[in-house]
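For reference, the structures are reproduced in the following blocks.
Common to both upcoming complexes is chain A, partnered first by chain B, then by chain C.
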Partner chain A sequence: MVTMSNTLKKRNLFGGLYTVPAMILLIMLLIVPLGYTLYCSLFPFKYMMRGSFQGLNNFIEILKSPRIQYSFYITFIVTFSATAISIVVGLLLALWIDKRTGLFAYWIQLIGLIPWVISMVVAGLLWRWLFNVDLGLFNVIIRAFGWNTIDVVNKRIPAIIGLIFVMSWRTIGYAMVMILAGLKGIDADLIEAAQIDGASPVQTLFRIKLPIIKSSVLLSTIVLTVSNFTNNTVPKVLTGGGPVNATNVVTLEQYNLSFVYYEFGRSSALSILIMIVTILIIAAYIKVAKFEI
Partner chain B sequence: MKKRMLIVLAIFVVVASFAFAGGASEKPKTNEIVMWTFLDPTSTTNGRGIALGKMIKEFEADNPGAKVTVEVKNYATMTGEFLTAHAAGNAPDIIWCARDELSGVLDAGALEPLENLFLGEWSAEEIDDVDDAFFRFGERGGKHYTLTLNKNALVMFYRSDLLKAAGHTVPKTWDQIVAAARDMTKTEGGITTYGLGQSFPSGYSDPQLLANWLIEKQGTLFDKDGRAMWANPVGVSGVNWVVDAIRKGYTPESSINLGTEDIIAEFQAGKYGMFIAGAVRVGAIKAAASYDPNFVKVMDLPGGCIIDGWFAGIWSKSKNKDLAGRFLEKMYSPQADLYWINDGDQAPVRKSSIDKITITESNDYLTVMLDAFANGWITPNDKSYAGWKINLNEAIQRVVANGLDPMVALQQTADEFNAANGR
Partner chain C sequence: MDKISKTRIKALKVSLEYIFAILFGIFNMIPVFWGIITSIKPLREISRIPPRLTGFAPTLSHYITVLNGPFIESILNSLLYAILAILMGVILGYLAAYGFARRKFPLKGLLFFIVVVGIPLSGGSSVLLIPNYLYLLKLRLTNHWYTLPLIYAAYNMPMAIWLLIAGVKAVPIEMEEAANIDGVSQFYIVSWLIPPLIKPSLAAAALFIFIGSWNDYITASVMVSGNLKAIQQAIYEYMGYFGIEWGRLTAAATLAILPILAVFTFAGRQLVSGLTAGAVKG
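After this line comes the complex of A and B, so read on.
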């Protein structure tokens, strides 16, 4: 018995050693930078020059700033709107493609994934030019119908809608493929049994398919929420946070604190706050969906 | 046997993981210097990149075994990255600093005095050849920390064909500028050409006319303590001048969210008669113009131009300071100056190079640049002035988009500037 226990301990030791490379990478790439960011957030760090310890002052200043409060507000609106649109449209597309096979279905999936895989800078620039009020295709079409042009990126409400649209456009394909993978995993016998029992297509969807693909939908939702919440590139390129801070999402504020004003202490504090909010969102999703890991 | 194998394997994995981690931050070889800049020396189309490539080739040929590695960076974030790298102890040997950030870089002790490397050996004539407002900008406590490359002046670009068609000569005053903008504005086939392109985004942009207005009327943008000096009647009249151009349609309202790059692309497409940008861009702007590039001209601004440049220095903790210093000296040599001028469409960095230039119609922008270098305005380098361009832009944004009173908008943004810079 003692020998068995020792062997198990040794096996565990060796098993642990095999994880060392991965652990070192994780520590170097995640834990150390996180610790350093937390450290920086407790000091003034103008131009990377550390001042005297000031506790939570950076956090208090950030939370009191109306500009950053608005940034969080607009980030929530953009994030949840874009994620909801992506998941709903992605789900509808996945249900539609699920019934199709062959080259057509393959091409639809491929085309749907293109916005997700292309560079966000390219996507942002592409839409910025498509929305251009004088030369962009969007307004050329609008003019062709005899309507007034819309200056999408330079008017407050159109800029917010435009940003939500582009962020949704970028992630719909990803949601579609993830949900489709879940749908493909449903046992055909289950669907057939439901149909034999007289379940309508709507009942089949809500009573069988959706509960089974709940994990796929939830994981997609979490990934897309985090991706949208921390997305700096698309807002930076598409609207630059304007007009007049209308689309100044929190990551742009973080960028400005770091690379315009060189306030690395406050920028670090904002990074920590963004991380906390992201963790809370994920926890809330898991709680609401009663998801078990 | 099996146990031994497992132990050996486990040790190998641990050692390999450390080796892998070390490889990620491989140190440069002794005779290799690393430089951060936004120019790509392998480019075959960008004149400044071509010029830099020639200098590197010559330097490596003259210094057998030496290697210059250029890491191409985004110019908007390069100085910030350098500060972070300096704090982390792995910065490049040579850095090109942006003007508004240089004081912070000097405060951080991130640059080596050039007197310690090569400047101490220069003769009085050589010093005099480079001594100007840019050279003095890189000075602190009697030591020089930078040499200025790609000297720049924020000038007004204009289309000479459109100006002539509108019946105007080159405008010299604010009234003449607005009259020319008015007469160059026209709509044909549903597409409007605007007389005056301006750019007021919350992100990176070149200084706009409001800054020139303030400099002309009060000589500076900041008081002796470094506080913003624009929430005053002069500032209000400047905002009103700019906003009037927007409300009368000489400048599109979209300018409140357009960056310099957008304006340049639109000018090349034919959307504007005039706009402000760095004169160093003249070659690139002409190259992609959708009309005869000879129509692209530059002029100075009322009160003189704001001058700018890239302030190249040697990292204070560099292991290769001497070699890096020699390459910086090379980039500032009389021969290199000719490369910058001829290949890169740049203004000379040395006074002695001016005599070697023949001004023709194709490079007459150099006259405006040289005049700007002699009389232009540059931010002081004694304190941090980070973000002032964005703060001024946001004052315009708030008046145009939110209908705020100009004085209130200027006061808000002045307060934001002062707070962000600790004043």
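After this line comes the complex of A and C, so read on.
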């Protein structure tokens, strides 16, 4: 750092020691396990019994499996739909709240974050209860309109829509808060100058606000994509991957391969594939966020 | 347009905004409301078709049943896990943040890269689920009282470091220099001088670790069992044991939400500013 003075620079050599304990924990639990999993993925590995080296066989097998291909397909659909809904609705809400200040805006943000701070197990089971075909509030309302009840969790298309809905519900407030922070960062003089020059509200929005908040929108999009892509708790609790395997997202398949079928070689290979996709998204994140130290 | 109709339109706009805000609140809270209502309904009322919102005699019997069972043990377990993870995460995270903010050292760029990569991972720890399971099993580190605190501290550490770097950087460097000239030891500066000045960042880091630890289900479900069970794990398992006994399940869920909502109401400002610390940068 340029501004740092000599008294502090003297100790530079040992400065790294401050970070050592935290970094040991991070490396032991974030980096090393990845290497070990890569190693495990190269062996047949069933019921904790490791066979002899077989190269990329596990990868080839899982990529060939129609079941896992479907899992990737449904995961992409769910991830992108849920992320898109959260971002669009979050953006609209942020543009609305941006006009207000004080307690009103603060409470809207807090309420918006509630779905995000309560646990996914609780959120998943509460929605499952709400969607219950006989006793849930959702179907009470449906019946009040005189329509036929929908068994959301046990019908293919409603289950997929329900999963996308609950995942979007969780993160709309998060997107709103993140995008709002970007809007608050806009210099008020800039907007005023545009208005004096006769820019309409629509022009101000598209020509000034949106270009400036582009990076905060992009950043929340990336965070939510990773979060939705790797989310296995909501599908596990809400639909359990069903009906049949309609909502069997890839992280659920990974969980089942390990803890239902004990196919640890294959689940390691699948973990590596999930990891690769995640790392690609994170690479975009780092590029957008411009983290500096 | 005359004055009266103008004020009317304005009043209409404001009330529309409030209606919209209330609808937004209902949308966000509805599963929680519905869950709380179910949790205080007598058994017969829960299975009543169609269900009703009012007009039943509320009861705490589901809460009493839940709290007299092994659930209370899981609550205490999760509290312990969260407290240990917060202590570890905040102390180690603060030291690392101090190093990153105030020192130059070899490999700094690489180590900071690991921290940054870890931030989005902490949002969905299922990426590391199988890797850590296989690895910790090999080291015989699963199913101990310290297993989950270590993992939670590690998973939430990147975010904690990130928040605390911003905190440390906001402390004027001249202050440290002045203390140095006055002969104050480096140990005193790091452990007693700076922490009180960055209380909001410390609170935000603690809050993130608390939410992450308290709400985790998937990691706990593979790492610990028996009397080490975490709260979310216990709730999930209730779904199986009782053949989905919704009264007890919603009571347990309500109990699990309460501490989160309490902490959130008191420290919401820290959470919002912590969350957006990264967003405004880009």
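The rule is short, and it goes like this: the second predicted complex is superposed on the first by the 261 of 293 C-alpha atoms of A that agree within 3 Å, B and C clash if a C-alpha of one lies under 4 Å from a C-alpha of the other, contacts with A are read in each partner's own complex, and residues count from 1 in each chain.
As a convention for this text, contacts are C-beta pairs under 8 Å (C-beta built on N, C-alpha and C of every residue); 3 or more make two chains touch, one makes a residue touch a chain.
All figures in this text were calculated on a predicted structure; none of them were measured in a lab.
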| item | value |
| --- | --- |
| Which of chain B and chain C A:Ile164 touches, first, second, both or neither | neither |
| Contacts of A:Gly241 with chain B and chain C, given as first, second, both or neither | first |
| First, second, both or neither for A:Leu95, with chain B first and chain C second | neither |
| Partner chain in contact with A:Leu34 - chain B first, chain C second, else both or neither | second |
| First, second, both or neither for A:Leu135, with chain B first and chain C second | both |
| Contacts of A:Arg143 with chain B and chain C, given as first, second, both or neither | both |
| Touching partner for A:Lys46 - first (chain B), second (chain C), both, neither | first |
| Chain B versus chain C, judged by how many residues of chain A each one touches | C |
| Partner chain(s) touched by A:Glu263 [first = chain B, second = chain C, both, neither] | first |
| Contacts of A:Ala82 with chain B and chain C, given as first, second, both or neither | neither |
| Common ground on chain A, meaning residues reached by chain C in one complex and by chain B in the other | 14, 17-18, 21, 25, 28, 134-135, 143, 236, 258-259, 264 |
| Chain A - residues contacting chain C, complex | 1, 3-5, 7-9, 11-19, 21-23, 25-34, 36-37, 40, 93, 96, 100, 104, 106, 108-115, 117-123, 125-127, 129-130, 132, 134-137, 140, 143, 169, 173-174, 177-182, 184-185, 215-216, 218-220, 222-223, 226-233, 236-237, 251, 254-255, 258-259, 264, 267-268, 270-271, 274-275, 278-279, 281-282, 285-286, 288-291, 293 |
| In the complex with chain B, residue positions of chain A that touch it | 14, 17-18, 20-21, 24-25, 28, 46-49, 128, 133-135, 143, 151, 153-154, 156, 159, 236, 239-245, 248, 256, 258-264 |
| Residues on chain C engaged by chain A in the complex (per definition of touch) | 17, 20-21, 24-25, 27-32, 34-35, 38, 46-51, 88, 92-93, 95-96, 98-100, 102-109, 111-112, 114-118, 120-121, 123-136, 138, 150-151, 153-155, 157-158, 161, 165, 173, 176-177, 180-181, 186, 190, 211, 214-218, 222, 232, 235-236, 239, 246, 249-250, 253, 256-257, 260-261, 264-265, 268-269, 271-272, 275-276, 278-282 |
| Footprint of chain A on chain B - complex, ascending | 6, 10, 13-14, 16-18, 20-21, 76-77, 80, 83-84, 86-87, 101, 104-105, 107-108, 190-192, 201-203, 252-254, 256-259, 262, 266, 269, 271, 384, 386-387, 390, 394, 397-398, 401-402, 420-422 |
